[in-house]
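What follows is a pair of complexes built around chain A, which joins chain B in one and chain C in the other.
And then the complex of A and B:
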């Protein structure tokens, strides 16, 4: 593991989360207590503790090999943890079989039974529990209605599109009214447009049925747009838990800043401070003022992150009347419809800046000299080193998508 | 190696060119007419099938309508051979006994192979290839060796009797272990079991593991998963194995001879007609009986898509 300062995932972060659900006041649906998993000599999951509140949409976000799927499989009962305890609704289920847990799973490959019709698949859980036939038929119809597949009872899974199979898998899990629904990269096999649609659909269904969702994904956008809380995972441990805004606006360390979205990171020396800010001297850049954060005391070297969309581009003569300004030159511009991504060089540094296209097309030309301005509150002090940041950026690009 | 020589000597390279030309001229008709190529490719196996399989079977079938006059088989057309089969109940009893034995061996092979294959697929990783090999290895040894191996186990001085005597369970060797229909059953089951395990293993191996997990996730215990997921998805493989085991048992005549108590099976009586009685026409008529049974069995299997799994 890299030299990250320990982040107490359970306590410090969740208390700060701006989630609509407060884990302290709601009964916990899932509790992991020091759960870990070792395959041979490899730690798939290092000792992890986690609390998920009832009714919460909770995401595990991380690159492949970060331990997120292992966590899900331990909760589902497909893997026995090497140590630690798993509680579902305060019941210790650590050594229970999957069929003894009030949990259902939507598998990455959907795992629909190819020899059964859609109705047969959806009703499987009820048939196993020996419900009455007309009761099963009624509930299958209702579950298919919930996922908008009414009238598909007699089709075979092989006759359905990827998106439809996904919905069948969802209906098959939800019909059992589980206390917790586990979703293992359920949208991974769908194309981008369908994935967007299904995100809304999943969120709608989750609010409809009010079941706790534990969602595993490597896709930041999915995790951000649907979740009440997100746990960012790396190297078999949780590096930050919080509401999407927490994780994005206040990354707990350089790794998260690099993994979730894009960050401009500057390193500088504290040369002055007052009650509310530090003055940071960034070599070949200038003086940057940063809001003080509780917990960070007198430090010589600081790493700070600024999100690209927090920076305003102005003409050089405009001082912006904002704490931080610096003059640079546009070196790259990539137009993306709603916004344009600029690369702006300031001495040896290159900053990423995103600007909404309010007029027609990009407002700035390549080579143009501009002034950048941003407020000191949007600067965020990062614990950890630049190496962690790189690690995060690499994992984000390895997992394919970024914001 | 030859190429530098060829290029340094114009004559040689010329000859080389001629050779390619020659080759081309040989294959030209093939390229021009694909049907000729098809005949050349499919001809030998077709000849093999027709000459060594279809023709002998046809002759066998024709023989069943001929008769023995004096010591010679003569092509006097008659249905007497078939009449004889249905006139004496003993022949149909033998057929019934054979079918019952074949069914028992097949069903038992399924009962043993299914859990074994399931276990191999789901619960072994490191030992998997070794265990799979353990299933395969008996196939590489002679059939007779495997049959005689059971003689040494079940015989009166055999392993089983010696063990039971030493354990004071019995006081005299039990002769009935050997030379009984049980011995025939056990031997046939052992000898043909790999033919069931292999296709069943292949079928279960093709089932995505997430289906087992999904079944368990939806509340099903092991038995339910076996019945609702493994059995239907492995069924083509089970049928494929059943065809092997059933037909091999139907045709076997050596095991009943070596292990049996003298009860006749279809294979024995056919062998006797050909080898002892020299009544080829009657033997041929008897041979059609298992063929009819197998034809019925195959037709039924085809219905279940088992032939695609072979």
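And then the complex of A and C:
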């Protein structure tokens, strides 16, 4: 890799919060209105409505078969929806051919034309529009500069590395100045380190060119680190749409809690409540307090989820002055450099807890008795059943867990 | 790496290999030796090296006409094969329609049938057409049609296997970048299958050029080169002239077959990532 931009994590984050978009106030670039797709008797996409704001980095996150690629192909024009309408910049394009849409795609396999040079590939869109030769050359050079491949015009795609091909595909799509760029698992074939670098690169380019990106991925980390908003998909439906923090911190249901990241899920009976919290009686845990959520008042059996990193590990004598504590025993510990992942048994349950390695190495030994503590704000009530959660966890592991 | 064989087994293997090659190529070499010789009869040892028999062949109007006829038939049959075989391969690979599964078999069948069957069948059919006055008589045209039936198969198979190996996403990418159906066909699809079409055409050409059985049934008053050779062998005169004609056939077909092999081996350079 040559000449990667000096974008560090803080830059990436400030850029994202700076461009937080409100779908109601910004003009919509993509609007799906009850769009669905049936192949034979199989519903690849159930009726779905979706609004993507102009300039947004929007991700469709799901396992294979969740309908995310079908959604992208319908927007690109490669598939005709069974029903529903597709709008791009408020223009109905439902029955337009791909070449009649102001949309370009970066394909998963890059789909570079093998019989053309890099310059020929990148300039293809301009050539079929019969632009002037020197204009094409000028814009090809600029597009290659944008993806940091200046001087590669005369190479063949077969002479490039995976990451370079990926960037040629990106330049070829961006040169047409589309209103919307579709990316279908564009980093799927790259190795981990290159993938991380390309994530920053993609985000930088998106901010540079300022156009809407619709990004399809099964990789949670990719979706979380780049997107303004994420739509989690499963079984041909969107299960939750929100900012990455919403999806992670406040999963809409047990499926999302299981699919995005790891969650410890407890089941308990509501025994009391006050203005801001419910008190649940959870077997083996005693009373657990959890923040109240509107719309979930009358249930007496509830599922609650706690993220592994929200739990603090303390010595048993320390009560931590936090609402929820329970005593457990360390049964597994896996050291991962920056943090250690513990499995901690509480009665018949095993909780996943992640602790930063502040000292040198893991701070707890196997078999040690510890107290776990977490606040009522960090756990949350999940609509849906334990079955949904299991489904989510299975789909996440099937698509290679990212977080 | 394979383990190194012992000296004895390498010697044994080498001998067997040499014998196999001799079995395959010695007859060809002998034909070539006689063709470049001045002797009037084929006997061993051969006489002086000479181009005498090529000179005879060149000045003999019969084989010259025969070569011209063979070229006419082969070229026309090849063009027909390309025009019919390529679209057939596309239809089979790209579209769904009734009878799709059997179509591939029906197209491939003529090359599997023994030539004698094709010859009898087509002769019967053409005789009928001649009786009805649709065709004037057996001629190079009927031979060409007969050859086209199996030449199509070569183009069809080559293009089909290339299409199966190319991804649709190249065409989708082209449409996505603003090219309509025609632009996509000329700029992306055709360059992708060009090698396969040419390779199929070259193989079809060589197959037609030396075909003898179907030709024998369907020919009229004219001669093709293989038929002329066959007829000449029976007369048992000017034998080395036939060797010279055989050398002409070898000289035409070997480079064509090699080129066809090279073109099918030159696959579409993979633009897909190495690891998937």
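Here, the second predicted complex is superposed on the first by the 384 of 403 C-alpha atoms of A that agree within 3 Å, B and C clash if a C-alpha of one lies under 4 Å from a C-alpha of the other, contacts with A are read in each partner's own complex, and residues count from 1 in each chain.
Heads up, the rule we're going with is that a contact is a pair of C-beta atoms (placed from the backbone, for glycine too) under 8 Å apart; a residue touches a chain by one contact, two chains touch by 3 or more.
Bear in mind the structure is a predicted one, so any value in this text is a computation, not a measurement.
When the two complexes are overlaid on chain A, chain B and chain C occupy overlapping space and clash. Within the superposed three-chain model, A:103 lies in touch with chain B and with chain C [touch as defined at top]. Of the two partner chains placed by the overlay, neither chain B nor chain C lies in contact with A:347. When the two structures are aligned on the shared chain, A:111 is found in touch with chain B and with chain C.
By the document's definition of touching, both partners, chain B and chain C, reach A:176. Ranked by how many residues of chain A each touches, chain B and chain C are led by C. Contacts of A:189 after superposition: chain C is touched, whereas chain B is not reached. By the document's definition of touching, of the two partners only chain C reaches A:162; chain B does not. When the two structures are aligned on the shared chain, A:316 is found in touch with neither chain B nor chain C. When the two complexes are overlaid on their common chain A, residue A:129 makes contact with chain B and with chain C alike. On chain A, the surface patch touched by chain B in one complex and by chain C in the other comprises residues 76-78, 97-99, 103-105, 107-109, 111-115, 124-125, 128-129, 172-173, 176. Taken together, the chain C residues at the contact with chain A in this complex read 167, 169-170, 172-180, 183, 187-188, 191-192, 268-276. Residue ranges on chain B touching chain A, taken from their complex, read 208, 210-211, 213-221, 224, 228-229, 232-233.
Residue ranges on chain A touching chain C, taken from their complex, read 76-78, 97-99, 103-105, 107-115, 124-125, 128-129, 156-158, 162, 165, 172-173, 176, 189-190.
Per the touch definition, chain A reaches chain B in the complex via residues 76-78, 97-99, 103-105, 107-109, 111-115, 124-125, 128-129, 172-173, 176.
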